[in-house]
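What follows are several structures.
Shared between the two complexes below is subunit A, which pairs with subunit B and subunit C, respectively.
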Partner chain A sequence: MAFLNACELKKNGVSKKMNIQVNLEEIDNNLTGFIRGEIDAHTAPVLREKLEAYQNQDGLKAVLDLSDVDYMDSTGLGVFVAFYKSVNAKGGHVKLKGLSSRLKRLFDITGLGEIMDIESAGKGGN
Partner chain B sequence: MVQKIENQYKEILNQYMQRQSEQNLYVGQNFSRQLISENISPEEVISVHKAAMQEIYGELPEFVWHSFDFLIEMMINYGLALQERQSLLQRQEELRVEMDLAANVQETLLKTPMPALAGLDIGLLSIPARKMNGDYIYFISDSEGHAGIAVADVIGKGLPAALCMSMVKFGMDSLNNSPADPKEVLGVINRVVEKSIDDSMFVSMFYGKYDSNDSTLTYGSAGHEPAILYRAKSNSFEELYAKGLLLGVSPAASYEQHTVQLEKDDLVIMMTDGVTEGRTDEGFIEREVIFELIDQKKDEPAQRIVQFVYDELERMQNAELRDDFTLVIYKKV
Partner chain C sequence: MRPFDYVEMRVPAKSQYVGVARLTISGLASRIGFSFDDIEDLKIASSEAVTNAVQHAYTEGEEGEVVIGCALYSDKIEIMVADHGQSFDFEETKAKVGPYHDQEEGAFLREGGLGLYLIETLMDEVKVHHQEGVTVFMTKYVGGEQVEEDVETISS
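Our next item is the complex of A and B:
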């Protein structure tokens, strides 16, 4: 299943491209996700809505690949924290993989790297 | 009034029918602006047009008059849309006034007296990206030479962030303990925040306790951008990193704290990610850029350094701040 979201936002008369691509696929309670683009205040609601569809399943095992995420701010972190909390409460597990050094730093500084299962790009391999 | 408009319209139309010049059209354009400002609806304009045609030409085939009646009917919903737009503009204005009031309330609510401590020069600047500020600075001090500072950043911007911020303020107020250790302060505020916010909200916070008796700074962090220590002696920058989870994520979170001894002309630079997450057309503004800016002004008073860093970063981003910006500098003098 592929979802593409690219819309033009008009702000202050300047056209800004908002781009995020979220691919989610679930088989037998295993959710595999691939996220591409920028996760900020404009695009985070798109990601949140997609993830919310799965977060209340019992014992969900989710693996989300962020290797093509160029930028993420605290709003993006908020989406992953909310998803992590819901899935954990239902006895499931969330893993984030392919984190760039910039994203890895964000998770480390915020302490989320300690409680969430994260993996940097280049580690683990296939 | 209506009579006057009808006469003016008839005159302008008549001129146009005779010459059809650009000048006549221009007069018409200006007149239509006047009609809009006087709230004349589109269907009324067509009625005026029809009446003017009758006066100028008298007899015209019946179908011409019928067509105007039909056009009037077609325009009625456009008139309603126009009215709706006007009432939206009015409501927008009401909201703007309300936001201004709320921003004033926030400013009063979050006011914090800057401590005056021997041997410490403090500079600070906090600029919201929108009306309401999601960044927050809180000072607490006593007469024994202790001063605490909290620099906090709520996820998101605007009104929701501002409401969440009041919670941090009341938490700090009720703690009311200036010699308190950072790990203790962060633990208490974490439990206050955790109880009251939803799953996708959180707050990051740096807490530093300065003791002017021995010039030490003890600090802890709840998922906040690390503060930076500039050492005058070695002319070098280092991060003041302390492990700790964002506030509001887990009630069980515990916090580290570390202590550094400040020497003359050392700087402690505390900030929110609005300072470090700046972006220009070429990409991100790296931390080294901020170090360089501070290096240029390190011999000046703390407030001058803070203002210079803000001015330069704002200039690099074409005066467009994406996030709330807060920068505090402690200078040991």
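Our next item is the complex of A and C:
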């Protein structure tokens, strides 16, 4: 690990460690995702790229768990809106779950909370 | 003696420094006594402004720098973000920035998209200045525009 970091430092001058983790798994058109870390201008492209691999499947049912996302701004909103639009256009559905009150608020003040299927933490689990 | 402490950062116009600016501003805000929620608002608003500046500096071509100036008062924080890389005279620039107008700033709004909307929503005052680039000037008061009587001065 230390060696790898040293290589990165040598190659780029700056360590390229990203403060985001995106795990996506698809079984029979059901996409389950778990996102951890911070979603900002730096990390959003990682998330966008991973989601783009699935967004054009017909009738995709995606459930993305954001319970371990501890920071997000408009770049993150932009990624989720783009994914939501593409999946919807193909007759699919996107659900975001586990949102902290902070994250939920971000969707609400931008009006996206009304449009998208969002479940905040504490609400779910029947 | 001026009534505020001033902290300035110059960062390369690269996205990996957005988080660095955000965390620094978070640290400064907690010194003034902002609540947890207000600090989270400040983190988002400052990230939006720095992200805009980074992207704007990129479209200008050359590898630019973004300058972030923070004035810390006992009851508020003023944050200026400029994409033109020139270090600014905080008070001089502050005097020049006008109120934000939707129509005039149409181009900036399109570039910033949701970002500028969030800045306006999460901060108490926002002004934008166009000259040698774009400067965003924003203010947030401790406790939402109310001045607390028992706040200590931050300068020792």
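Annotations
Rule of thumb we're sticking to: the second predicted complex is superposed on the first by the 107 of 126 C-alpha atoms of A that agree within 3 Å, B and C clash if a C-alpha of one lies under 4 Å from a C-alpha of the other, contacts with A are read in each partner's own complex, and residues count from 1 in each chain.
In this text, a contact is a pair of C-beta atoms (placed from the backbone, for glycine too) under 8 Å apart; a residue touches a chain by one contact, two chains touch by 3 or more.
Computed from a predicted structure; not experimentally measured.
Following the overlay on subunit A, a clash is recorded for the pair subunit B and subunit C.
Contacts of A:N19 after superposition on the shared chain: subunit C is touched, whereas subunit B is not.
Once chain A of one complex is fitted onto chain A of the other, the partner contacts of A:H42 are limited to subunit C, with no touch recorded for subunit B. Of the two partner chains placed around the shared chain by superposition, neither subunit B nor subunit C is touched by A:K90. In the superposition on chain A, A:T110 makes contact with both subunit B and subunit C. Of the two partner chains placed around the shared chain by superposition, subunit B and subunit C are both touched by A:G78.
The superposed model places subunit C right into subunit B at 127-135; the other stretches listed in 127-135, 181-189 or 235-243 stay free of clashes.
Shared contact residues of subunit A, touching subunit B in one structure and subunit C in the other: 41, 73-75, 77-78, 102, 109-110. Across the complex, subunit A is touched by residues 153, 155-157, 198-202, 204, 222-226, 243-246, 249-250, 253, 273, 277, 284, 323 of subunit B. Residues of subunit A that touch subunit B in their complex: 41, 48, 73-75, 77-79, 81-82, 85-86, 102, 109-112, 114-115.
Contact residues of subunit C toward subunit A in the complex are 15-16, 18-19, 22, 37, 40, 43-44, 47-48, 51, 54-55, 113-115, 117-118, 121.
Listing the residues of subunit A that touch subunit C in their complex gives 14, 19, 38, 40-42, 71, 73-75, 77-78, 102, 106, 109-110.
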